[in-house]
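A, B, C and D are the chain letters, set down in written order, and residue numbers restart from 1 in every chain.
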Amino acid sequence: MPILLGENRYGKAETHVVRVTRDGPCHGIKDLTVSVALSGDMAAVHLSGDNAAVLPTDSQKNTVFAFAQKYGIESAEHFAILLAQHFVASQPTIRHARIEVLETEWERIGEHGHSFVRSSRETRTALVHHDGERTHVVSGLRDLVVLNSTGSEFHGYVKDEYTTLPETHDRVLATAVSAQWRRAETDDAEIRAADFDGDYDIARAALLEAFASTYSLSLQQTLYAMGTRVLDECEGVCEVRLALPNRHHFAVDLSPFGIANPNETFYAADRPYGLIEGTVLREDAPAPGPAWS
Amino acid sequence: MPILLGENRYGKAETHVVRVTRDGPCHGIKDLTVSVALSGDMAAVHLSGDNAAVLPTDSQKNTVFAFAQKYGIESAEHFAILLAQHFVASQPTIRHARIEVLETEWERIGEHGHSFVRSSRETRTALVHHDGERTHVVSGLRDLVVLNSTGSEFHGYVKDEYTTLPETHDRVLATAVSAQWRRAETDDAEIRAADFDGDYDIARAALLEAFASTYSLSLQQTLYAMGTRVLDECEGVCEVRLALPNRHHFAVDLSPFGIANPNETFYAADRPYGLIEGTVLREDAPAPGPAWS
Amino acid sequence: MPILLGENRYGKAETHVVRVTRDGPCHGIKDLTVSVALSGDMAAVHLSGDNAAVLPTDSQKNTVFAFAQKYGIESAEHFAILLAQHFVASQPTIRHARIEVLETEWERIGEHGHSFVRSSRETRTALVHHDGERTHVVSGLRDLVVLNSTGSEFHGYVKDEYTTLPETHDRVLATAVSAQWRRAETDDAEIRAADFDGDYDIARAALLEAFASTYSLSLQQTLYAMGTRVLDECEGVCEVRLALPNRHHFAVDLSPFGIANPNETFYAADRPYGLIEGTVLREDAPAPGPAWS
Amino acid sequence: MPILLGENRYGKAETHVVRVTRDGPCHGIKDLTVSVALSGDMAAVHLSGDNAAVLPTDSQKNTVFAFAQKYGIESAEHFAILLAQHFVASQPTIRHARIEVLETEWERIGEHGHSFVRSSRETRTALVHHDGERTHVVSGLRDLVVLNSTGSEFHGYVKDEYTTLPETHDRVLATAVSAQWRRAETDDAEIRAADFDGDYDIARAALLEAFASTYSLSLQQTLYAMGTRVLDECEGVCEVRLALPNRHHFAVDLSPFGIANPNETFYAADRPYGLIEGTVLREDAPAPGPAWS
C-alpha cells in the first residue's frame, strides 16, 4: 500500500526581537518572540530533498528583524499579520502562514525615559493564520497567576468507589490562567482595523474581575464566568478558550500537634493537579477555520 | 446574542505512579506520569456550579494508583486503555476519556536485581481516546536527540530579498526527535491485542537508523525518510507524525585568528531554530477521529 | 590512609507553605518555599546508618507548617530565624541550622479583600544561619529583569589576539539582577528587631534607581553603583553581593537589505552571556562567618 | 564609613562548543558548555568604568572556539586547564581563572561512523582553578538518577513533637546523584598527566555499584559508602562531595478501596524532598584552596 506525505509545515521558531523606539527623550520598547510556520508546495523537498520551493528559515528570521525596523511594531497581532501576509504574497510556493508571538511587557522605571523593568508575570500571546484570502487572529495571555483565599466551595460531586475526597465549603482557589480570544473578522481590512491592545487591556481586566468576584462552587463555574465576562466586554471577540490548572492548596492537618488550622496554613502542591479546559462563544460566532491550529 | 458553552474537558494531570513488580529476586519497574481528561454532560457545572455530573479529579488520581496495583502495567498504552474504558463505562455522565502517559524507562544496574538507573534520555509517550465504542491509540517518544556530523547539505533553495544564508554542501544535522505513531485498529479487542512494546522498540530503531543512513539534502527529506521507515517496519501503524527542531550547529569563523575550521568546531545555538513538522501515512489509513487531539 | 567524613548537612528542601491571615474582610497572604539544612553530630548515621541523632526531614517539614500556623509569618527572615533557633535549641544533636526561603509576592486584585494576583516577576530571598550563639541574616532578590535602551557604552578594553568585538558608544544594557544584602547584627535580640520588609523595599528601589540613573561604561561600573546605593540607603546593611548576567541585545545588521538600523532593532541572545559578579561592603563590616554559605 | 569593592569576577558563561574530529570514517564528538570567570586588577572598571584591564567576555568566547579547533579537546578537564592557564599567562591584569565545563556525552548509533545519539542522562562536569602557580581540578557528574526498589530501611530516628513519620523496614530509595571529586595534585605538570577520563569511568561505576550494593539504613549511610568507594577505586582522588536529593516514593494507601499494597505502587513526589549533602576525604588530603569555589 503506498505511503503518502500528509500535513506539514516548517519555519523559524522563537526569533527574539526587541524593537526600541527613540522618538524623543522617552523611549518605547516591544519585546517579541516570533515563530513562523509556513506550508504550501512542499512535496518535492520531502520526497527528494529538492529545495526549490523552500524559503530558508534563516530568511524568515531575517524578515522578522527587517520588518521590525521597517514597519515598527504596532502590536503583536499587527506585526504577525504583516509577516503572514508577506510570506504568502511574496512566495508563490507558500499557501499558508501561521505566526505565533509571545510578548513580554516592560514597565518604565519611575520617570526614567529609557529604563525599564519586567514587572508583569504573564506573557501576552498572538496567533495569526493567513492563507491569501482570510486572516484569523487569536490573542491571549498565559501564566496570569491568581488566588482567592476564600469564596470557593466544592461538594455535591459524584462519589464512586475510588472517591475519598471530603466535601468542602471553604477552600483556596488558585490557578495560572491561560486564555485566548478570537476576533470574528477575517477580512483583511477589517482585521487590521481592530484595536488589539484595547482588547488585551479589557480582556485581562475582565479575567481578573470575574475570577475575583465569582463565588465559586467549581473551577468550571469560574471558567465559564471568566469567558462570559470577556465576551461581554470585548465586542469584537466571538470565542474564548481557557485552560485553568487547579493549583491545589491543601489545608495542612496540624491536629497531631494540637494546633487548629482554620483554613490558614496550606501546602501548595505542584503535581498532580486538576486541569479544567473550556470554550465560551457567541451563538453567531463564525466557524473558526484554522484559527486555533 | 446568546453566549454558549463550547468544547470542554477536565481531569487530573500528571499523576506520577511508579509500579514495582516483586515476583522474585529480580524486580521490575514501570514509571508513568498519567494525565486524565474527561468530557460529557458538563453543562450544569459550568453554568451553575452544580457538580452532580462531576467525578472529582482526586478520584481520578486514586483510580490511577488503584489500577496500577490491581492490574499492573502491561504497557503505557494498555494501562491508558484500561483507564479510559473504566471512566466511560463506570460514569454515565462521562462520554469520552483521553489518557496521556509519559513513561520514563529504567535500566538495571549490572546484575543487581532491584537497582535501576535512568539511562535513556528520551521519554516514551502514549495517548488514548475512548468514547465507549472506539479506542484510538497513538504511541510515541520525545527528546530523542541525534546528530550527524556530516552527510548533510542545504542548497538550491529560494533566495528572496531577505536571504543571506550561504549554501552548504557539508553541515552538521542535529535534532531532538518527537515522533508519534497511530495504530489503525480502533476495535476494542483488536487494539488490546496490539504489541505496543514491540512497536516501540521497532519504531525507535527505525527512527535512529533512518536518521543515520539518510544522506540529507534537507531536514524535510530526513523527516520523510524517518516516517516512511517506521511505516515500513511497523505493520499495524498507519500514520506517523514528526516534529524535528533543527538544532543549528554553526561552523565558527576562525579566520580572524588565522585558524582554518574545516567543519570541526561548531557553535551550538539554542534559539531561534528551524522547526520541521510533517505527517507520513498509508494511503488506506482510516480517518484519525479524535486520535491526535 | 584512613578515610574521613568531612562537612555535611541534611534537611528538607522546598517546603511550599502558604499562610493566609483572615483577621477581617481583607485577607493577607504569605507564600514561602522553605529549605532547611541541619548539621551536628552526624558521624554515626554516615558510618553505620544509626539514626539516633537524626531528626527526620519529614518532621522538619511538619515544623515549617506548624510554625506558620502558630506564629504567623512576620517576614521571610523572621520566620527563618524562628525555625533556625528552634532546631538548634530543641535538638541536642543539631549544632547549626541553615534556613533558606524563597518568597513569592502577591498583589491584591483591585478592591477585592481576598483575591490576589502574582504580579511581580522577581523572587524575594532570605538566608539565615544560626549556631546557638549567633544568627546571620542575608536578604535578597533574584530575577529582577531590567533594561536601559541607551546610556551605556563599552570601549577602551584589552584587545588580545582573539578580540574581534567592535567598541560601542551606545548599546542596550540589560540584566536579571540577583542581589543579596547582609545585616551587620548577629546578636539574637538585635537581629530580631531589624525591619527586613523595610530593607527590602528600600534595597529594591535603590537597585532600580541606580541601574536607571548610572551612565554606564561597563556593567561592572553599574554593579558597583547598585551595591553602593543599597549601602547608602540601608543603614543596617554592611555588605551587598550582586550577580548580573549581561543579557546581550545585539543590534541586527540590516544593511544587506538596504535598511539602516540606528540602534532600534535588536536580537536578544540567550547564550553565551557575560556574567559579572561582585561584592560591595562597608570598611567596618564584621566578618561574615557562615552567612553566605 | 568608606565603602569598598570586595571579591569580584567576570567572564563569559555557557559558551556551547561542539568539536568534531574527522580523522577517518569514524568521527568523534565532544560537546562542552564552558563558563569562564576571571579576576584580577578590576578596581578601576568598578569604580570608574575604565576598561583598560578588562579582556572582553566576547574575546573569551572566541578563545574557547579557537582553542577547541587549535588544540582539540582531550578531556573536559584538560581543555579547561588550557584555557585557565592561557588567560592568566597572557593577561597581566588577570590573576586567577575559574573554568567550569558541562559535558554532554554522545553515543554512536550502531555502526554508523558519523551518527550519534544522546543516550546518557547525566551530565559530566569539570571545574578548574588556576592562579599562575597552582591548578586545582574537580571532576564530577550530576543527574545520575538511580533507584533501589528494596534494601532500604529508616527507623530509630529522633521523635520530637512534630514527628509523625512511621518507621519503615522496606522502602524505595531513589536519588539524582550529584558527585564531585578532587584530584590531589596542583602542580602543573602533574595535573596535566592525570587520566580524567579514566577517573570518570571508574568513579561513575563506583557510585552505581556502591548505591546498588549498600543495604541502606539511611541515605547518609549510602552517601558515605558511595564516597568511600570512589576514594577506594580512584587513587589520585583525595576528596569527594555528594549531594543526594531524596526522591521520595510514598507507598500509596489503597486500603480505602480494599486493595493491599505490599510496597508495589508508589506516588513519586516532587517537592518537598530531603537533601543529603556530605564530604568524604582522605586523612592526608591537601587543603582544597579555591578548588570548590
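Rule of thumb we're sticking to: a residue touches a chain if its C-beta (ideal position, glycine included) is under 8 Å from a C-beta of that chain, and two chains touch if they have at least 3 such contacts.
Computed from a predicted structure; not experimentally measured.
Between B-C and A-C, more C-beta contact pairs join the chains of A-C. The mean-CA centres of chain B and chain C are about 38 angstrom from one another, to the nearest whole unit. With centres taken as mean Cα positions, chain C sits 31 Å from chain A.
Multi-chain contact residues of chain D (touching two or more other chains): 15-16, 62, 66, 162, 164, 256-257, 270-271. Taken as a graph of touching chains, this assembly is complete, with every chain in contact with every other. Chain contact summary for the complex, chain D toward chain B: residues 15-22, 27, 29, 31, 62, 65-66, 68-70, 106, 109-110, 112, 114-121, 144-151, 172, 208-209, 211-213, 249, 252, 254, 256-257, 259-270.
On chain A, the positions that touch chain B within their shared complex are 1-16, 35, 37, 42, 45-63, 66, 90-91, 93, 154-160, 162-165, 216-218, 220-221, 223-224, 228, 231-232, 239, 241, 245-246, 271-284.
Taken together, the chain D residues at the contact with chain A in this complex read 161-162, 164, 256-257, 270-271.
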